[in-house]
């Protein structure tokens, strides 16, 4: 199978600011992504659980396949963003088909 | 820790055709997978949100650890599948324990 | 963008024993993780679907970015754990910013 | 017809319809008000259960008469032929690609259970004595349009041979059809005895659940409108005029096949309504290249609000004038 | 007993039971009809809240009498000993491995709250005057079977020492036990005054919610049956005959300990029922090597439908004949 | 005041409040009892819809009088100034960092819809004739505190310029505000005619849904308390005494602005209540560096139970004594 190397961004952010991160992805040329909802987690600031009352601490996972360059530009922007807001991000190598899509 | 290299498939498909992709996985010898539900996403064909009314555009993520060969065979089949249906797929290297399971 | 190599653990366990795996992560020095809920899956022991009645077979995905050493220690412990309980685990390389967090 | 107008205003002012307007308003202003998916799905199940069961009990009171067969046959024929008209309108006037035109046509040939619910509430308030079996007609009208659409789409339908058998099963055993028909049968079988047990659940509770559900439909319709990328003036005109065409076709056929006027009013509302639950899922499977941004925006974003706010009293008034 | 048969038919024809049959039917035909998880969980919470609260109010009316202690003791003893019988039957006749046999036995020693709900509706319709405190007996019977099963499983239980303490806490503080007992206490404490506030919520609404919940149980049971991989004839026979054995044991012990006949009818239904909410989760923790494909298919896929459709009127008839 | 004490006991003994205690108890013992998120969100939507609609119908009965303007103005002023007092208390006594103090202050300046629901149930039981328009006052009091908090936080607010415009829109169009106000307007517009349709849904059903919702709030509050890492004695004292201070401020201002005593009782309860739905989400956006482990634990884990179990009858008694 003919595949091409691309980058996968995985970003965890709080639900109330999800749209702000999506705006960064769009502005840096990421052409597609999918969002998943977490149910709980643990980090430097303690535990959280999705609970339906305040929802303020709920987390979302953004999963985005993109080019090396776009991934780099997004990371650059996220450094500043994560100074203000909690969350984590990682990038890794993946093989994709139809590379022109990403 | 003794680990072995295997492949991880991550496939995003629309909920109404999930079972068709699962049939491909089964027929190509993938022995296990897990499915997650997305909450929203963005792509070439616009935005979607899981909403509970039509559900037609809802997306699922299939996460499958498998052998290099099975992953290749699945990709081969998915090329044809993704000509008809929307969705994305990527493959990457992972280290696993108990390699005989995959 | 300046990034550093770290490890990503992805662990699938049954919901009733999630807290036992989280205790292992904590004890081995993993400093953060996020948990997601699966909707269905397939494996050696057959199919499962999240269904709301018994919930006994529901699966959770733990997503944890951590250091190479902590990942190794967790794997060591999970070998024993997965002798008793069903589930799968894989590890892969990722690039992160703010490496001191992990 | 000033009376019709004042009735229309009255219809506009039920809490359920106003909650739809609230949802639409909140959605257009991008409020973060949202009904969880699982709740929307559950409310939809409840509505189908209640509608089916009530219809069954009413049918058990009246018995299955020739009226049912007239209305049922008219409904099925409409569901088969409306897509043909819709398809050619979309191809010629709106210049839509073949596949998207066929998928959209399927939506307009099929029906909306919630439009039926709102419409029958309106007719009940007016004392129009339609038959309880009209619920069964709803179920009969859900799927024929899908078959017409597949023929219209021709070679563009996905998945080739292998999928066809599966698709037919999936369409016929579609959850909303099964629940509606099943509840109807349960209502018909248990009759008054069953109603004694479920009375509160399916009757006084209904308006409240409908209000909450319509709130969500308003929010979803608003998002569809906000995010619509491929809307054109001809498409919008289609979504506003196709219900009128369907209503006219329904009245003509009802007259032809001797449907009694009260049932014809329900049929006109059903014909004018467009599906947004069962058909979209079938189209994602059968015609994945069709653009959901078109068919969902038209059916959910334009035709549904139009029918709810204007169509229902209009169709009733026209049927009353024409068929007496 | 032709009267019993006609009553059984009557029981079969309540809307709630028919919705179970509809779910079973839709599921076996692979319809995509589905109740969201979150809704199923919430409906289950509602049912336990309503059942517990109603039982508590009734108990506050009658006061806690010796009858309660007789029924409670009988129930606890049954929950401890039924698993022993089930275990040996599964080992010897069905040749199941030790661990799966023990886990399955735990399900049959414990109880099903929904079978209790359907059974007491049936008894109420017949005018059988059982005590409101039977709800507390349900809670008492949920967990003892788990302890017996762990003893029967012996060394195969997972997690060794460390987990044991945790497990005991998890079992005793199991959500359904806590909610049932808590609601019972709240009902008992607030009595008529409380009932004045929750009357509509826990009484007329109950049948409707039960119908929706049973629709889902039918769907889930059907999937269990469809996907069952490890079913054998002896296992199916076990799932159909074990309830009869438990019913017989319950009647004998009720006679011995002087349980009043109306309460004995409830106990027989409880003894014959098998858990599918609390016990499976405990077994995934304590006996993870036991096959859920066996115990969930038997309890949810076979025994539950059997009890709902045939068992309840049968047990009542037998108790009425034997204990008068 | 022995009468007040017995009334307080009576308040403690409603099923809804006891279900809150049950949730708290189950949560503190780490039971796995849990209400699905989607259900909790939906129950919250239902409560706001019902509260808003009922208030609107009542307001349509009485008409909008000067009383409404007095109560509304008092509420808005309180929501603006309570955060200032809370902020300085948190800074000086509890030695909290500036940002967390500001975010916490916003919670205490805003209001809790469920405390309002429980409080008005209590006042209704006592026959205190407050105005239906008080629902509109709830909505008016939800957001001003957020603005005060942003000023108090000063340069620490996140996202700089660009976000400000967005934030204002998000706060004003917050889902709970939109639903509450929208339902109020729908109730006011449809009046008795609307109430005839939704009566069962918003009245007798209300207590039951409130009970289930409070069960969940008890569970969530217990988890907050269990996982609280940064709690200190001064913070706990703040959460217990700030409601008393707010109540006092409310009474003083009500006297000054001529709010009628029945409305002043509601205002005192609102002033003493702290937000846990709308404000936390706004703070995650605007003041992400503020610690939710502080503000959610205080508002949801301490102040909410305190108000529900002790505060409501206390504030009522004080208002009755002071304002007659």
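Going in written order, the chains are labelled A, B, C, D, E and F, and every chain counts its residues from 1.
We adopt the following convention: a residue touches a chain if its C-beta (ideal position, glycine included) is under 8 Å from a C-beta of that chain, and two chains touch if they have at least 3 such contacts.
Please read all numbers here as calculations on a predicted model, not as lab measurements.
With steps allowed only between chains in touch, the distance from chain B over to chain C comes to 1. Between the contact lists of chain B and chain E, the overlap consists of C, D.
Farthest from chain E, judged by the mean position of CA atoms in each chain, is A. Across the assembly, the mean Cα position most removed from that of chain D is the one of C. Inter-chain spacing, taken between the CA centroids of chain D and chain E, is 40 Å. As a whole-number value, the distance joining the C-alpha centres of chain A and chain C reads 19 Å. Counting only residues that touch two or more partner chains, chain E has 35-39, 41, 200, 205, 281. Each of the following residues of chain A touches two or more other chains: 36-37, 92-93.
Here, these are the chain pairs in contact: A-B, A-C, A-F, B-C, B-D, C-E, D-E, D-F, E-F. Of all the residues in chain B, the ones that touch chain A in their complex are 10, 12, 36-44, 59, 61, 72, 75-76, 78-79, 82, 88-93.
Listing the residues of chain C that touch chain A in their complex gives 1, 3, 6, 8, 22, 25-26, 31-37, 60, 63, 65, 92-98, 101.
In the complex of the two chains, the chain F residues touching chain A come out as 35-41, 44, 158-159, 163, 216-217, 220, 223, 227, 229, 276-277, 280-285, 288-289, 291-293, 296, 300.
Contacts from chain F toward chain E in the complex involve residues 13-16, 18-19, 22, 25-26, 29-39, 200, 204-205, 207-209, 211-212, 215. On chain B, the positions that touch chain D within their shared complex are 14, 16-17, 20, 45-47, 49-57, 84-86.
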